[in-house]
Amino acid sequence: MQQNIRPSQRACNQLRPVEIIRHYTKHAEGSVLVKFGDTHVLCTASVDEKVPGFLKGKGQGWVTAEYGMLPRSTGSRMDREAARGKQSGRTQEIQRLIGRSLRAIIDLEKLGERSIQIDCDVIQADGGTRTASITGAYVALHDAISFLLKNGKISESPLKDSVAAISVGVYQGTPVLDLDYIEDSDCDTDMNVVMTGKGGFVEIQGTAEGEPFERDAMNAMLDLAAHGIQQLIIEQNKALG
Amino acid sequence: MQQNIRPSQRACNQLRPVEIIRHYTKHAEGSVLVKFGDTHVLCTASVDEKVPGFLKGKGQGWVTAEYGMLPRSTGSRMDREAARGKQSGRTQEIQRLIGRSLRAIIDLEKLGERSIQIDCDVIQADGGTRTASITGAYVALHDAISFLLKNGKISESPLKDSVAAISVGVYQGTPVLDLDYIEDSDCDTDMNVVMTGKGGFVEIQGTAEGEPFERDAMNAMLDLAAHGIQQLIIEQNKALG
Amino acid sequence: MQQNIRPSQRACNQLRPVEIIRHYTKHAEGSVLVKFGDTHVLCTASVDEKVPGFLKGKGQGWVTAEYGMLPRSTGSRMDREAARGKQSGRTQEIQRLIGRSLRAIIDLEKLGERSIQIDCDVIQADGGTRTASITGAYVALHDAISFLLKNGKISESPLKDSVAAISVGVYQGTPVLDLDYIEDSDCDTDMNVVMTGKGGFVEIQGTAEGEPFERDAMNAMLDLAAHGIQQLIIEQNKALG
Amino acid sequence: MQQNIRPSQRACNQLRPVEIIRHYTKHAEGSVLVKFGDTHVLCTASVDEKVPGFLKGKGQGWVTAEYGMLPRSTGSRMDREAARGKQSGRTQEIQRLIGRSLRAIIDLEKLGERSIQIDCDVIQADGGTRTASITGAYVALHDAISFLLKNGKISESPLKDSVAAISVGVYQGTPVLDLDYIEDSDCDTDMNVVMTGKGGFVEIQGTAEGEPFERDAMNAMLDLAAHGIQQLIIEQNKALG
Amino acid sequence: MQQNIRPSQRACNQLRPVEIIRHYTKHAEGSVLVKFGDTHVLCTASVDEKVPGFLKGKGQGWVTAEYGMLPRSTGSRMDREAARGKQSGRTQEIQRLIGRSLRAIIDLEKLGERSIQIDCDVIQADGGTRTASITGAYVALHDAISFLLKNGKISESPLKDSVAAISVGVYQGTPVLDLDYIEDSDCDTDMNVVMTGKGGFVEIQGTAEGEPFERDAMNAMLDLAAHGIQQLIIEQNKALG
Amino acid sequence: MQQNIRPSQRACNQLRPVEIIRHYTKHAEGSVLVKFGDTHVLCTASVDEKVPGFLKGKGQGWVTAEYGMLPRSTGSRMDREAARGKQSGRTQEIQRLIGRSLRAIIDLEKLGERSIQIDCDVIQADGGTRTASITGAYVALHDAISFLLKNGKISESPLKDSVAAISVGVYQGTPVLDLDYIEDSDCDTDMNVVMTGKGGFVEIQGTAEGEPFERDAMNAMLDLAAHGIQQLIIEQNKALG
């Protein structure tokens, strides 16, 4: 009766319902609304036929990401970062993570001297916005690559693999998968895991919120994460048809 | 055969399809997705049981607004204002307009010493984002007021009237209603009109983009605007059901 | 006995004394001190033989404006925007209005690939600083154009018309012209009107400060504005000799 | 025939014509336009019945200064600091100097727990803006003190002395007084001297622009400065009647 | 002959020489210069008898950290963050990590309503600045706690454990401990591990720089990290002696 | 028995112990730790084979300086300027002074089209950080020049002279040399003097902190400064060996 320990009544190894909606807005080369339960993130991919200054003339492209939360995506309204005049440390940490995760599965030389800019904007938040962002951003990136292939800008896909992300944690002593906001606020350990479709690790970020965690707990969390990411990869592939 | 002059094939006095979806996100006291054709804006209303410093102890409340566009809500990606570290002049101009429009139809003393913060975030843009924002924001504000009434925070609605907004312009010599992006980019005059449900003017902002305009053209535009706003008021009421 | 309703004792259709002093400072190509009663604004026009990046190579020039108030131009000292590190929304709104108004009466292709930068700095404020700014800025712009003609940089004036601006409002139920600070603080409606010498509208910005206003009031205000602007055009021409 | 060496044709120990106009603008408690030849600075003094946080409850007042140049006060237009979003190092250096100079001649305890904010805004620049600022700011400060005395806020003047400032330099090997812009741009040494009416030094800031300077040159410059400041003190007293 | 693969000629499980110098500067309550080989970081702990606003009246204290690099601590000069006007995303990421790591081993209620501010400033960088920072910051924090105990501000140490950090990576296919700059620039995987003296994990942050990494590699890296941290704990204790 | 008046027990004309340590960090072309008693400043010189935009193509180089204090270099912690998002007026004033002082003794044309960036970072402060910075920066600059000579980038040294700086003041009525923090906080006059090895003045900045000062006091202070700087020049030469 494992599910009783979770406020969400989910089994310990159970994801929230996942939904991946492509072509959500009309202008972007890739536009995906991803839902992990009540967490909804709009991920767009924009192609720009330029590279940043530090890459000019190096024969390679670039993929980068920005992240934001709508002010009332959360339970109590957050200040608008544009009005405050700067992005928080948390925002920068997350957008750096998204960017690294996507660059891990793309061959930047094959992309050619162009950039793909990923924007992940949280419409509604209920925990796990960074993992939903990475999972949705991969699909938006895939659509932007298809756009480039279809328009003859590149002749071969630079994607080497797929990528998805999930959170795991220790909640009331038990490792659980895909924490929602209530679980996240009350867990002992919180770990975000980014893995490729082939099963390699791209990023692991684990934090002891309360007590330090032991090697056993970490192994259990990584097992759960691998299990969850396999399902996300299936959802991504289903969405991409 | 007036409709032939418009790229959108609409009649000169024809609005785009309007859709007003309440309860679009779950956290805000008012949350409305408003669509004017392909222009989609998420308007949320957040209640805060405080007032800004300049109103403390004055026995009245406050309504204010912020506006933003998702970076790829537009045809080519715009810089994210949070990353650039400041809001553009255009953004500030629009959010000041939204705030004034809503304050025109609310009795701030009856609201009591609390604030309602309106956030208008453009998910997809195709012209008329400020008029859609005002039209949707009124519904979100109404829902936030209902929340306050239902929770016994106030005993009487401070709303004195409803408010909506529409753009009008002179396109190829002819006054037209509710310009979309293509029409807006190529019109001679662009005017945004904000009116109450009772038919009074709250704001008129007209700009000659090309040639200066004459009094006759302005009268024709104001007639169109009044016509369009009557329909928007009907849509608002229908949504509020 | 209409004048009794105005604190300024002026007739409803009466401007404050207008003074336009050219060559007020020695460095600028155009330098005009404009006075609308106790509102004094220094308007300078600076020629720059470059255009902003977005216009490079397009065979046209640019006219833009910046606006500022000296900290103690007002009754109580305002924070210095340079010290606060940003311009307020009001400042940006006004400088955008000034720039659009001037661009409406100049042929940017005939100006050639150069910029004219208008600076409007309020030395003393008593209401109507934006309308005084536009009215004075036109004269400064004219002087800068004369400078270019005299120096053989251009052979033909790019000015298509003249431009001036005035405020109108509804004060205690009566439409009045050219509101000073006391009248402006207590009026129901405030409208700024920008018109050309030939009588076309360039900008109309009307705001209901208290009650919404009706079509009749607007028509009366526009009549007053046209009357006032005709007199301002005469003053501009007199100053330009 | 000393005067031949100066582009301005002035004798080496000759000031530019000095003019001090009180009550230049109507809102400020002290408002002075000071002219050192073609250098024109508007100095206002604003009384604020508060002190900054670090002085609260300490039984003393505060005098501080801000400085700015209108963008086209100079030969070629400078960027507007409010638009750039920060004050330059030069601006901050000058406003700190003005503030220290004024605090040197006022008894802050006698001023009581209130602030006097000095604003020095350069309308037209031709060298020596900081010395003109200090010289004019003293008169504006004096008027603000008179305002406080007249209104019964203080019963005794906190002014201990008067203060004025002048520049001296070595131009083509010869010490000269009160450099204008052309002389300043081409001098070897530039020194700003602030002295009280009683003849004490408040600030000395000397910089070798080209070759280092010797003790003899410095002594000659200080003699010139003392001579110039005596005349400025006379002008200040004349203006104050 | 494992050591041959490392440019540093160290064995795969060998730390660089570690040095921990207490009382390095005279003002701070804790001041530690920590050296991991050529990486030198000055860690200071400053006691402030206040807590941030969000903790006022909650009966607990706070520990937070800031991080910076001197502009020429690195091979080529970096821009000074104070001059650029903002901290980079990397800087914020690191200082948030340091703060979380220290808060993991302190009982904030026992600390009482006061803050300890940790500053980690990199004097010379050669890889591993964040792990050296955490390792040195613990010692500085310990000294600040001793200061509070000695001065009778607290009667019992709030420290629950000690904490240290080390990097591990996969270099040319082999897991190695404590990467220096050359190794870090060329490794496949980079992982920072923060552990307590009792052996629990506080933070794990692993990134695949090139190829994704497998579970086996991760296990090997964690073994190395635990081995390295045991030695760092010994060095910390020796320094605190 | 002059020394009794100084809290430091030094004779009025006595410097604090001076130490100049070259090659303090390993990356910079010049790296000097300078100590004036308990004031410790790290001065680095970084060569950059570029010049700022305003000097491009002018056949000359540039020397500039930045200054910073570690947050806990002082008795109570100061806010980190990078976190606050701007450099204080004091910081900018000091770094401008350092830059001017160094440019006074270098032939920028002989330097060629390259820049030398000086960074002065205060590790521990006890008064006189700006004078220690200039004194140490000269040695770092000398080392950077030697680096350029050794690497054949220039064939002749562009250094025309050496430069050093010291503070003098009037403490309890007596002129004293090289004020430490306690003396500085309580002195009547504070003067910073920058002189070349040949004995010329580069900068003099004197401020009356309490009472205005007289010509005699200034002469006495300048004598002390010249005496102190001669000793600093000897220390610089000894260090450069």
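Order of writing sets the chain letters: A, B, C, D, E and F. Residues in each chain are counted from 1.
Following the convention adopted for this analysis, a contact is a pair of C-beta atoms (placed from the backbone, for glycine too) under 8 Å apart; a residue touches a chain by one contact, two chains touch by 3 or more.
Just so we're on the same page, UniProt names per chain: A, B, C, D, E, F = Ribonuclease PH.
Bear in mind the structure is a predicted one, so any value in this text is a computation, not a measurement.
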item: Chains touching both subunit E (Ribonuclease PH) and subunit F (Ribonuclease PH); value: none
item: Least hop count linking subunit B (Ribonuclease PH) to subunit E (Ribonuclease PH) through chains in contact; value: 2
item: Cα superposition angle of subunit A (Ribonuclease PH) on its copy subunit F (Ribonuclease PH), in degrees to the nearest 5; value: 120
item: Interface numbering overlap (same over half, different under half) for subunit A (Ribonuclease PH) and subunit E (Ribonuclease PH); value: same
item: Gap in Å, rounded to a whole number, between the CA centres of subunit D (Ribonuclease PH) and subunit B (Ribonuclease PH); value: 51
item: Where subunit C (Ribonuclease PH) and subunit E (Ribonuclease PH) are represented by their mean Cα positions, the distance between them in whole Å; value: 59
item: Centre-of-Cα separation between subunit C (Ribonuclease PH) and subunit B (Ribonuclease PH), whole angstrom; value: 28
item: Multi-chain contact sites of subunit E (Ribonuclease PH), meaning residues that touch two or more partners; value: 85-86
item: Cyclic ordering of chains (reference subunit B (Ribonuclease PH), direction subunit C (Ribonuclease PH)); value: B, C, D, F, E, A
item: In the complex with subunit B (Ribonuclease PH), residue positions of subunit A (Ribonuclease PH) that touch it; value: 25-28, 31, 38, 40, 42, 44, 46, 48, 66, 68, 70-77, 80-83, 85-87, 91, 117, 119, 121, 123-125
item: Contacting residues of subunit C (Ribonuclease PH) [partner subunit B (Ribonuclease PH), same complex]; value: 86, 89-90, 92-93, 95-96, 100, 104, 161, 191, 195-196, 198-208, 211-215, 218, 222
